[in-house]
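One chain, subunit A, links the two complexes that follow: it is found with subunit B in the first and with subunit C in the second.
On to the complex of A and B.
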């Protein structure tokens, strides 16, 4: 009896087990396989390159055996160590200069009655449109020590023997990067300032402080975390940049981490040493991001309460014109002047000569667009890769955001973290990771468009994810549930409900990935093959011939295209589309 | 019916014209014809080139396509060291991309040949080259595609002829502080052999002296002439081709053939053993040594390779210039160390 009942029980369990399995199969959705595949793809795109980077840094050249030799090589020459030191100095100096540029601007726009605030917004937008390497080229034309426009003007006016400015210096490099990166500080601090209510300043006033003291002692301390946060972002931007250090640092004879990494990718290829050499950059990045988190999670800076509070602009009297002058100056230095010389050079027979009709030509545009197969191909590549990467990034980001917000899989936070991780990883390191993981056999994507598209998609995935996640949070699940009750699967719900509702958000996100991907240089320079060159790489290659007219014309095309897509974004998505997802 | 006949006639005419248009096919040698047929099937070739500027390279490629319709050239122009770095990356990744490698550092070819990475091929036109350019490699793995001496140049608006440097050591005279432009041997192959020559003639101190005059260091040897032309610097070094073109184009550039001798190294081209379009590569290699292409070279201010073409007017031909002694072996053995010493001296 006992035995038979045990058997019966056993059979019962088996049957129940079987029926749950059957139930599972019955309710199993094809979408589940898709989720697994997507997660695998995310790992492939983000996690695996870094794993490879780490592994390769301990590998012998050629790939067998463990060694520390790469680290010894990477840190044994004073030149290499100089590169590290210079990059750190560069990051620090750039961050400080950015604050000097942007803090007064943010304060003026947020808190004062300065007129013509649109001018500041125009500057911020312009700085976004100009990629850093174009700002650098503009400044070479402006402040080349002898032939730069500013210097020739100075020599003509004063009769001096030599020019006033030299862009091929450490200061020059800092200035150029800061003029491009200050919008980070501006946007961070401005949004923090917007939250500080006037009442706090008034309290200070009542206690006897004047407007300056109130600003200095009350407002500024309240936005300290935002300033520090933006300093960290600028620092990370600056140390990860390749274009500016290459264009200005090589003639200036200053070595930076990124240009040194590029040297390791020269002949003989020392990918393993490059991986080892990039570790400090990665560590610093991780530490700083951790520091930023700590900073922002401290509770002493709460300025937004449930009580609203009033925000009135401070009347700063005639000082508002001083501030306006300062903002205009930054606008001219950051956007108007470099953009103007680039456009002018692109229409000149010789950029060194003055502007006149007999120096005017459209031949450079003609050559780029219609004659040289190389430039035509690069322009096509830039747009195709960027578009493909944007689709890939948005598609993946939306799916992952869906998984995470609807809690369809365990460990959603890890997925979200993976999606956001590339935001803080320098593009150049991402590229080396990609090279290590996928360029060589067995994957062997070396020189293919796929490699470029994957790298761009990974690089800008965080933008896509932030946009998609924000969009997902705004959709109440009840609408999808309605679909499911009516018998539709998950995929139907996404296709018929979520995607249409998020149309604008997705379009905005797509553009936010597409635009930077059309001008990306730091990652592209390590991954291009002869058939996959893009505009930015071509600009870098052609700049070495000193042919600034042709380079400027290519730059002009980037500027026109970017402006067009930004305009399109404004038109289709709304005025604030560039501020989303940040 | 009449219309049909007309169509047939037109079709026939078009066919005949297409045959005739670029090069009358019967002008081609048998070998050329055979290569062209095979090349047409491949359609294009990828050309890693460091010897000419972007524009000039495009011109060589386009004149080639005019002569051989249906075969196009994808120009990948960088400096010699960068081109070689990319080639070796291709090889290491096992993904061949390059069909013809036209570099500026002869050492690269010696290494590639030793590693069996080059295809043995002597172009038909090789026999028509000027004598000194023939048999660069006695085994036929690479061949001369450029003879481009390195010379001194100065900006005539900024420097009077009597003050101009006469020899290489004049370039490092303190009076030129902040006024000299050179290139970087870590990028430019020609700059590499030039630096080897300077060190051979004047020792490592030459680099320290050069550092003292604070030169503007571009990447390519094409950089200094443009920098000088813009008035950014007053004196510098240049390839003779670029200098000649600027000089003949009425730019404020004058050439000095240094009394201690110009640096002359022959620059080679070779077809990688695993080139994806070997026939197109062979056809193009042969074309580079042709009369037409030497005319293109002269048009760009260069020295002709083909014996049937005369050098550009208004400048001396290469036989009339004093050449400093520098052997291929010296270049091959010294360049890597020289680059390292340069980087350590100048900081990057």
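On to the complex of A and C.
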């Protein structure tokens, strides 16, 4: 009796276990496989290059065994240490100059009755459209020793033997980067200024302070956290930049971290030392981003006053024309002058000669577009890689944002962190990580379009993720649940409801990835192969050869394309589309 | 067999027990409400039925087949149910007709039939003219009707509604209650309706399950629930009431300062200790200016008016029985006027007194 009942019970358990397993199989959601694949891909795209960078920095050349020798090599020569010091100096100086440029502009636009404020917005937009290396080339044409426009004007006017300006100097490099990066400071401080109510200044006025005193003693301290935050951003931009230091610093024999890394990537290839040498840059970036988070999370004092409070522009009398003059000057230096000389050079037989009909030609554009297969290929590559990378980044970001906001997987915030991580990894270091992970065997993607696309996608994934996550949060989950309860699976819900509702957001995000990816230089230059060169790399190579007319024509094409896509974004997504995802 | 059966259904989030050992059987074609205050676990229960949330413990069965258990869960899209959400969840990228036809399309019906059934159901909810509109062009009430049409048109095995009227203004809410019941009478879809509004539940439901802190306190039809609440919570949540706490002593219940004879009530229970709580609705008592005769064994106690308010449809009196600390709420018709301080006689109707503990 006892035995038989035990057996029966045993069978019951077995049967129940079996039926549970069957239930699991029967109720399995096919989408789950997709989630696992996506997470693996994210690890492949972001975590693995980063891990490789760390590992490689401790590897012996050739890859057998571990060593600290790379670090010893990287920090033993004074030339390498100079590079580090110069980069830090560059970051600091650029940040200070940016504040000097942008603070008056932000104050003028936000608080005063300065006329023609559109001019400032135009300058900011123009500075966004000009990639840093084109600003640098513009300034080579303007202030190259002797041949530069400004120097020739100086010599013509004063009869001097030599020019006045030399852009191939530390000061020149700082100036060029600052002229390109000041919009960060402008946007940060302007939005902080927008939150300071007039009443707070008037309270100071009542107590006997005049307008200037009120501004210095009340307004400035209130926006200080925003200024500091933007200083950090500019600092990080400047130290991670490759194009400007390479174009202006290498001829001047001024070494920076990024150009030194480039040298390590020359012949003989010293990837391990490069990995070791990139660590300070990475650490500084991580630390400063962390500091910036702290700074912003303290929320300043500004937000406590709320958005309330009336704001009236301060009447600054005739000073408003002084301010307008200053803003115009910055606009000319940052956008109008470099863009003008580039366009002019691109239509000239020889850029050094004056504008005249016998100097006019379209031959450079003709060559680039229709004759030279190298430039044709580079243009095609730039747009194809950028488009593919934008699709990849947006697709991945949207899927991960979906997983995270809908809490479909545990550790969603780790995934979100991984998506945002490339934001704090300078592009050049990401490229080295990619090189270490995927360029060499066994993956051996070196020289393929795939490598370029993956690198661009990883580099701009944070923009895509920020946009997608914001979009996902705006969709009520009940919208999808309504699909599911009516019999549609998760993927149907995404296709029929989520995707259509996010159309605009996704288009904006796509453009926000596509536009910078068409002009990306600092990651591309480390990863291009003979068949995968892009416009930016070609511009760099050709300007080393001194062929500035062709360089300018290629730059002209970048400017036209960028302007077109920015216009498209304004048109299809809305005026604020470039400020999203930041 | 029951259409839908919840067995010891439990859901915990960390330390919070959102739903606690809920057991409920629902017949084919029945309309059952889950009624309770905010945070009592109604939505969680409903979403477990829909398959959006996995239970921590217990099972859900439909037609005898297990849908959810802690081990395995059938995804919502395979349950053949439909649901109306608090936000309506009308898809803004589709027209009214596309919204309504979507479920039919998922069921791969021929286009002709989809068109016909969509048109038919839109007529039923009086939205025929607006089939081509987009949701952004509809009022809240119209969106609600689209949501109703969308979930009914697929002839679901079970229809779930989560506070569908809470975003409408008061007049529309009144109207839509009856509309929902009308649609149920027409289509007889087994329905689970979640609300915190007792009026809604009473208008629409065959039976109401009153929930409190994750548990079901009582399941009954609206009449029984109102007149014979079994727990203090149910009596207090559904309508206004007076709680009278007393002690049983042989054939009487003794309260603070007055006594009612037990033979008047239908079997007063109370627990072993003899403590008894009665729930007496304000309108179940009658006020008399003079001592009434006591022909049919009704209970009458004497008291005094201590406060009153005139609310148009009725008087609201506060009565203190003589020699008692208790105060009774009594409502009376507008013509029954008693001044503050006046002596009154309160007459109980034993049939309308509920013993709750």
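We adopt the following convention: the second predicted complex is superposed on the first by the 550 of 582 C-alpha atoms of A that agree within 3 Å, B and C clash if a C-alpha of one lies under 4 Å from a C-alpha of the other, contacts with A are read in each partner's own complex, and residues count from 1 in each chain.
Everything that follows uses one rule, which is that contacts are C-beta pairs under 8 Å (C-beta built on N, C-alpha and C of every residue); 3 or more make two chains touch, one makes a residue touch a chain.
Values in this document were obtained by computation on a predicted structure and should not be read as measured data.
The superposition on subunit A brings subunit B alongside subunit C with room for both.
Of the two partner chains placed by the overlay, only subunit C lies in contact with A:478; subunit B stays clear of it. Legend: residue contacts after superposition of the two complexes on their common chain; A:497 is shown touching subunit C, with no touch to subunit B.
Contacts of A:505 after superposition: neither subunit B nor subunit C is touched.
Look at A:381: by the touch rule set out above, it reaches neither subunit B nor subunit C. Of the two partner chains placed around the shared chain by superposition, neither subunit B nor subunit C is touched by A:346. Once the two complexes are laid over each other on the shared chain, residue contacts for A:545 go to subunit B alone; subunit C is not touched.
Set against each other, subunit B and subunit C touch different numbers of residues in subunit A, with B touching more. When the shared chain is aligned, subunit B comes close enough to touch A:372, but subunit C does not. If you stand at the C-alpha centre of subunit A, subunit B and subunit C are 150 degrees apart, rounded to the nearest 10. By the touch criterion defined above, A:489 lies against subunit C but remains apart from subunit B after alignment on the C-alpha atoms of chain A. Between subunit B and subunit C, the minimal CA-CA distance in the chain A superposition rounds to 48 Å.
Chain contact summary for the complex, subunit B toward subunit A: residues 46, 48, 53-55, 58, 61-62, 72-79, 81-82, 84-86, 88-90, 92-95, 97-98, 178, 184, 186-187, 216-220, 222-223, 225-227, 229-233, 343-344, 346-348. The part of subunit A that touches subunit B in the complex is made up of residues 77-79, 82-83, 144-148, 162, 168, 249-251, 253-255, 259-260, 263, 265-269, 350-352, 367, 371-374, 377, 439-441, 444, 446-447, 529-531, 533, 541-542, 544-548, 550. On the side of subunit C, the complex with subunit A involves touching residues 50-52, 66, 69, 71-83, 85-87, 89-93, 102-103, 106-107, 150-151, 154, 160. Taken in their complex, subunit A has these residues touching subunit C: 20, 23-24, 26-27, 29, 476, 478-479, 481-489, 492, 496-497, 500-501.
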